[in-house]
Structures are given as structure tokens and as C-alpha cells.
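Each of the two complexes below includes subunit A, the first together with subunit B, the second together with subunit C.
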Partner chain A sequence: MATWIEACGADDVDAEDVIPFEHDGHPYAIYRSPADDYHATDGWCTHEQTLLKDGLVMGHIIECPKHNGRFDYRTGEGKGAPICVNLRTYPVKLEGGTLYIDVD
Partner chain B sequence: MAVVRDYSLLGPDGKRAIESGLAAAQWYRTSVPRKRMKELMQRRDGPAIRDTAIWLALLAAFGGTGAYVWPSWWALPLFGAYGVLYGSASDSRWHECGHGTAFRTRWMNTAVYNLACFMIMRDPTVWRWSHTRHHTDTIIVGRDPEIISMRPPKLFHIAANFLGLFDVPTAFRHMAVHAVGRLTAEEASFVPETEWFRVYRTARAWLVIYTATIAICVATASVLPAMLIGLPRMYGAWHHLVTGLTQHSGLADDVVDHRLNTRTVSMNPISRFVYWNMNYHVEHHMFPMVPFHALPRLHDEIKGDLPAPSPSILAAFGEFVPVMLRQRTHPEAFIERDLSSWAAAGDTGGANPSAVSAATTMDVS
Partner chain C sequence: MASVTEDIVIVGAGECGARAAMALREQGARGTITLVGDESLEPYERPPLSKAALTDDREPSPVTVCDRARFAHLDIAFERGVAATMLDRTAHDLVLADGRRLHYDKALIATGARARVLPVAGGHSILTLRTFTESVALRSRMTPGARVGVIGAGFIGLELAASAVTRGCQVTVVEIAASVMARVVPAEIAAIVEARHRDAGVDLRLGTGVEHVEHVDRPRPAQRLVLDDGTTVDCDVIVAGVGAVADSAVAAASGLTIDNGVRVDRYLRTDDPDIHAAGDCCSFPHPLYDDRRIRLEAWRNALDQAAVVARNLLGADEAFAAVPWFWTDQYELGLHIAGLPDAAVTNVVRVRADGATLLFGLGADGRLVAASGVAQGTAIAKDIRIAEMLIAQRTLPDPSALTNPAVTLKSLLV
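Here is the complex of A and B:
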């Protein structure tokens, strides 16, 4: 069953950018694509303990700020070394200007 | 009593670093507003295309004219320049393209990365992972595979590598090991097994190229083909050693603040072209996402929170060479930077109100 958690306002995230969100001690990263779609993933890079919130969003790619590992934030797919494990993604919905994440 | 350091990646110091939390630690970073950092991280193709075109054109010009006038003495300065562009500029191209920041377009990074790896004789896969570890555990003894200046320093080894006399034989030894389908134990400790096949494949291809080069030398009874492929990694290596030694030599080990173990150096424009702005080395380690062409702007942004740069290559050598000489008998000696006067700037989110010169003292306690 879905557990929708209110994360932030839609305008809190700039286009082609990422912001952090924490729930129950777990960090998440929330993305807004250049086409204004919203996505969410785990906040930690799967390579090493680095928060993706400080990374660079280019199109649909988030690049980790520590070792430049790259993921497609829509699917969580790692795009090559040093990424060996894909990123977990979470469903996002937009209601009345507010973003909700299904953290289940 | 001096502490004996074990720099091997499989030894007790590496285990100790893991147990003490030094490995994969959270490092100090100067606070930069997100908006500004996004501007600095932006990728562009233009600067790297321009520099790569100049680099390849100079290689062709110096290599071509050097081969044309070979074996006259006129070839000497021409190959001198060709060698630096081949055996030293490839080091910085390997580095920047390995980070994936030099070009915006991915395939351009990959293409130049592989070319530079061949020139500098570093396997593209092994060295990608080695450099990843260098950024995770910068100058952490037993964890960082890219420490040039150890304590005590291997001065003969370092001096010989100005002509690649250790690095090149090591590269060929590793190439041979890889070509038969093996990695060294240390390499296997940081390269994931899923990547090993790439290492074997590259080593076999490179050995074919080097074997062909030697065969042409034998067939033509001339060393000229090797002067163009392979040997410049030796006779042109000196510049990347000069610049590379300025990065961390003489500074602290086993700390988690790049301001303590890394050095930024002001350099002449030619060295900066060859080195691709890696003289901004504290800035690069703190923010590896920032491309080479934006490092001067990053430096301006955060210099108030960093030690003052060494004013020249010569000044940097003047700082660390005496310490390295002392480390032969006193391995505890190092250049200690006093950060106490501005160390809180990164945590409080503000730029440091005053630009502070690092207090550099030699700690021999």
C-alpha cells in the first residue's frame, strides 16, 4: 500500500535541479526535469556515502558531487563507473502545488 | 620514535584507517551557495575542444617536423616540446576526462580519456578506480594508491621518474600481467571484478601497438617510431612530475581536510595549459565536479577560506623539498597548516571575512 508523504512545494525545486528531503531519518533527493516532471530517489549515492543533493543535474542525469558517478534519476539506472548499483526511485505525485513521495 | 608507515593497500595502515573512520570519511568543504555552485559546475564543450585542438595540432606539428629533420640536432628541441605534450599533457587530460568534467559531451571525454591513458601508460579502467579511491581517501596512508611523496620519501624513485624510469617499466609489467588475464592483488582490491575484462582487453590492444612500433624500429633500423610512440612517456615526463609533486608533497597525511594535505600553486600560462588548471588543486579536491575552465572562478569564490596559494612552482618546491629531505631521517616532519583562525567558515555558511595565509611550519614532534 502506498504511503504518500508530503515532501515540498513544487516551486521549491528549480527546473533541472535537485533538493534534499528527509523522512524518518532517511535522505531522499527530489528532482525537477527540464520539462517540469518531478522524480525522487534515495538521497545517498550507491557508490559511497555522498549525498546527491549537492550534485549536478543535466537533463535527466544526476551526477554525484564526489566521484562524478551518474544516474538517470527517472529510472535510477547507473550510467557507468564508478556506479555498480542502481539508485532506488520512488513514485512522486503533484497535488495542489505540493509534491508527495510514496516512500514504501 | 618515528612511526613506520605502510603505504600498501593491503597492509595494517589501511585496516587501521578503516577502523578509525579515516577511510571514506566526510571531508571539510567550504560553503558555497547552491546557485553559485551550479553555475561553476556547468559543463561546456568549447574550452576543452579548443584546448584539445591546440594540443593535437601542436603534437602533429612538433612530431611531424621533428621526424622530418631527424636525425639532425634540430630534432632535439622539437622532440623536447613533443615529449612534454605527449608524456606530460596526457597526464592532465587523463585526469580531467576521467572525472568526466572536461567536455559536456560524454563521448568526447571518453575519446580523449582513452587516448591520454595510452600516452601516459595508465590502464583506463584501473586508473579510473585508482583515482576514485584517491578522491575518497586523499593521502590516507594504506588507502590512497596515488601517493607520490611518502614518508620517508623515496627520493631516488621520484627523481628517476622525471624520465619515467620506474613508471614505464611498471606500466609494461602490469600490461603483461593484465594481458594474460590477471590483476595485481592491490588492483583487485579497488577494481570491481565486473570491470576486469576491460583491463585485459586494453592491455592486449596496447601490447599489439607497442610490439608493432618496436617491429617498425627494427625493420627500419631507426628509433624514430619509438620517439613518436612510447618513448615520449619517458623523455617528456618531467613536466607532469614537476606539477604533480606540488599537489600534496610535504603536507599532512591522514587528515580529512584538503586545505591541510593539498596545495594550490600559481603557475605560468604554459604550465597551466599543459596541466589544464590542476594547479588549483585544493579547489579541485574540494569540488571535483567543477570543470578545469571554471577552477579560477571557484578559486576566487572560496580563496578566503583556503591557504594562500604558493606564488610559483619554484616557491612550492622551496617549501616542500627541504621537508622531504628532512623526512628521510625524520618521517614525522611535515608542513603543518594552522587553520584555527578560520576553520569554522565552511560550517557556518559564510565566506571567511579575511583572506588568511596558511601558517606553514615544520612539525617534527
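Here is the complex of A and C:
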């Protein structure tokens, strides 16, 4: 069962950037790619306790602000040291200028 | 000619040695890989030792870089708790302190650095911090109300001070220079950090050194720091953060050139083509800074050099050119530095809408050579990361664009 939660407006996040979103005490990160598609992942890096919201988005990569661990935010795949664990991703949908994420 | 089937030994199982061992397998190495380390633990991260390991409520455990299961999976032999003595370059053997000899085709020296010991009378009771064991020992002394004396206001000294304050200690920092972090951080940034420490109640004694240390019984039993300016500080525990020295003992015993650590070329090779060195222990010429020879004591440098040296050990010719990058956490503040601030002839400042301060260092030719900044948590990280790319691209940015917070740094990338 999908649990769609309203996360933000489509324009709240710039192209090639990330913003934080919290639901039920759980942090998420919401991305808008250079081609304007949207993605969502867990808010915490998988390396240490750092939120990805201050990280740099380049293309389809989010780079953790702490030790520059990298992930493909579309798939959550870790891209080398120091990351050993992939990032969990969540489905998103855009409806009438509002972005929803399936937190299930 | 190097090949992927050669046998490789790595001396030093710290951040760099362990990462290099893993990277070698990921790069397709098919010979034996043996990692030799004189510590008894599996390779672990040092940055938490002065931060979370001291401040966390729960008893600290080492944050491992690579554990036994991963070593087994990657078929890496890990000889722990044994020191290497020298590389017998004629026989191509690594000689261990227990007398064993390990044959190698290629060797990597990643022996890191050791905490400098302060040469003052009575200084035998002064603690230092480089290893997990030392961190645990220090933690047990940092009890609420304890009088902690920190010698040195560099990164480690200041992180220790912040951690001790967090644990409820009464903290005095003694520093011979006139400002904190004087060697590596621009004055504007250092001033922000200094103010934060004073705010936290740290007694900062700048511009004075330690004359000697004595034990006193009155008014309370203490280790007394007697300072050059004649004042004294009574402490329950004294810890020094007065820098580190490259550990080049194995390299020196092997007859390799030492020049502020193990001397390597831009490919991280020593003067013996079969021996490379990387991480805190080596000095190397940096192509972004006119091949100036530098030695870095920085976590990311250990990682970046591990990746490059692994490829070169397998026969690549990749020059190491990563932009130096360093971070430190003190209280809620995160300070990030990219490049070499001392290569700058002028600095320009950007104050962001959120109040965070960034400083850009420009070289004589107008090239961006350094950037540093301090803000809450990781709030400055993204800008410093972009600045790092601008430095790597050898950009000549318009100083007015750098100072104007309305101009995004990303827009300056080529």
C-alpha cells in the first residue's frame, strides 16, 4: 500500500538541488534534477549521522556535505569510498504543482 | 612493468593503508595483498577520536574503515599488532619486528604521523591524542568539573577543548601564537572560532608558551602548568595538541629519501620505483601550487591518495592533483577549508544571507587558490565544495562576484 504524503511545491526546490523534508520524525531529501524530474531519498547519509540537505547536487549525484560520499539519488547507489551502503529511495509523484512522496 | 598479478605489501593499517588495500582489489589486483599494522585494532577512523568518541554519552567503540569480514571477502591478509622494521630492497622483502619476512613486488608505505611530544620539564604526564586507546584514556579523565589544560590551539587542541566543555570540564587552552589555528586558517575565520570558545567559557591564553609542568599539592593536588608569562594553570589533566610529525622510520631504515616525511614524486612514488608512499607520512609536489612540496594531515587526502596510489601500484601513471580539503567540528560549528590559504596574496570575503562567512584566497595572478568558511553544522560545505572545483579548474574569478552573495558560486563554474 502506497502512503502518499504531500512534501512540497514543485518550485520549492531549484533545478539541480536538494531540500529537506520531514515526516513522522523521519528526515527525507527531495531532489530536482537538471531536467526537472523529481526524486526522494532518506535524509541521512549512510556513512555517519549527517543530513544530506546541505549536500551538493551535480547532475544526478548528491554529495554528502560531511565527507563527500556520493550517491546517485535516482537509484540510491553509493559511488565509492567512504560509502559502503546504498541510500534508500522513495517514489514521488507530481500533481497540480505539488510533490508527493510515498513513504512506505 | 607493473602487472595486476604482483604481490603487494602495505605498511601501516590506518585510513590510507586500509583504503588502498580495498581499492587495489576493486581495481582488479590479483596478486597477494598484505596489510601490516602495529595497532591491535582493525583499521579505524581517527577524526571521531577528538569529537564524538569524547562527547557521546555511550562508551565509544572504534568506527572501523574495514572489518575482518570485508578483508576476508576481498582476500586481503591483515597482519595486526606487528610493526614493520624496514624494506629490504635488494631481496624485495618487508622485514617485520618479529623477524618474519614478507616478499613483495610492490610496496606501499602508509605509516601516517605521530603526535608531537612537548619537550618541557615535568611534561611526562602530558597526554597526546592519535589513537583510539589514547582517546578512551582521555575520555575517562574528562569528568564533569575536571580542570583540563590543553596545550596548543590548532585543530586538535580546539576540538579537544570543545569536547571537554561539552563534558562539563573547566578548560584552559595555552597557545604560543597570538591567535588560534594561526598556521592554516585565515584570521577572519579564526576570529569567529576563537569568539565561540571564549563564549563557551574556555580560558584562552594566547601568545604564551609552557615553561614547565610541576606537581603541586596545594590548594588542591594538580599538575601545574607554569607559563612563559609567569602565570600558572592548575589542571587535573593536561593534553597536548601541538602538531604531528610524519612517521618515516620504515622509509628511513630502508634508505629512502626523507624530506618532511617520505619524499614522493607526483605519482606518489619514492626514489625506489617499486615503493610508493601515501597519506600523512609523505610529502609530494602539488601541481596546482607550482609543484610546491607539501605534506597534508587530512582525512580526505588519505582517501584520495589511497585511490590514486592503488591505480599507480597496478601500473598507471596518474599524477596526484586533488585540491587539499579539510574540515573540523567544534561545538555546533563546522569549519571547511579547500586549497592552501597560505598561497593567497589577497582575500575577499562573502557574507551569506544566513550570516555564514566565506573567505576566498586569490593568488598573485588572480587565480582562486583557497576558500574557507565556518557556519552551523554542514551549512558551509556546499559552497566550499564548489570553491574546490573552481580551484581545480584554475579559475580567475571576478572578485566582485565572489563577494556578492547574490551570485551563486555554481554559476562561476566553467
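In the analysis below, the second predicted complex is superposed on the first by the 104 of 104 C-alpha atoms of A that agree within 3 Å, B and C clash if a C-alpha of one lies under 4 Å from a C-alpha of the other, contacts with A are read in each partner's own complex, and residues count from 1 in each chain.
One rule holds in what follows: a residue touches a chain if its C-beta (ideal position, glycine included) is under 8 Å from a C-beta of that chain, and two chains touch if they have at least 3 such contacts.
For clarity, every value in this text was computed on a predicted model and none was experimentally measured.
Participant: Mind checking the superposed model to see whether subunit B and subunit C fit together on subunit A or clash?
Facilitator: By the criteria stated at the top, subunit C and subunit B clash after superposition.
Participant: Going by the contact rule set out at the top, does A:His67 touch subunit B (first), subunit C (second), both, or neither?
Facilitator: Once the two structures are laid over each other on A, A:His67 reaches both partners.
Participant: Just checking: does A:Thr3 make contact with subunit B only, subunit C only, both, or neither of them? Give me first, second, both or neither.
Facilitator: In the superposition, A:Thr3 contacts neither subunit B nor subunit C.
Participant: Name the contact category of A:Ala81: first (subunit B only), second (subunit C only), both, or neither.
Facilitator: both
Participant: Looking at A:Gly55 after the superposition, I want to know if it touches subunit B, subunit C, both of them or none. Which is it: first, second, both, neither?
Facilitator: In the superposition, A:Gly55 touches subunit B and subunit C alike.
Participant: With the touch criterion stated at the top, can you tell me which subunit A residues are shared between the subunit B interface and the subunit C interface?
Facilitator: 48, 54-56, 63, 65-68, 81-82
Participant: Taking the touch rule as given, give the residues of subunit B at its contact with subunit A in the complex, in rising order.
Facilitator: Spelled out, the residues of subunit B in touch with subunit A are 24, 26, 34, 37-38, 41-43, 99-101, 104, 125, 128-129, 132, 135-136, 192, 194-195, 287-289.
Participant: Report the residues of subunit A in contact with subunit B in the complex, numbered from low to high.
Facilitator: Spelled out, the residues of subunit A in touch with subunit B are 17, 47-49, 54-56, 58, 63, 65-68, 70, 81-82, 84.
Participant: Could you list, by residue number, the parts of subunit A that touch subunit C in their complex?
Facilitator: Residue positions touching the partner: 16, 48, 50-51, 54-56, 63, 65-68, 81-82.
Participant: Any idea which subunit C residues touch subunit A in the complex?
Facilitator: Residue list for subunit C touching subunit A: 19, 22-23, 63, 65, 299-300, 303, 306-307, 325, 327, 377-379, 381-382, 385-386, 410.
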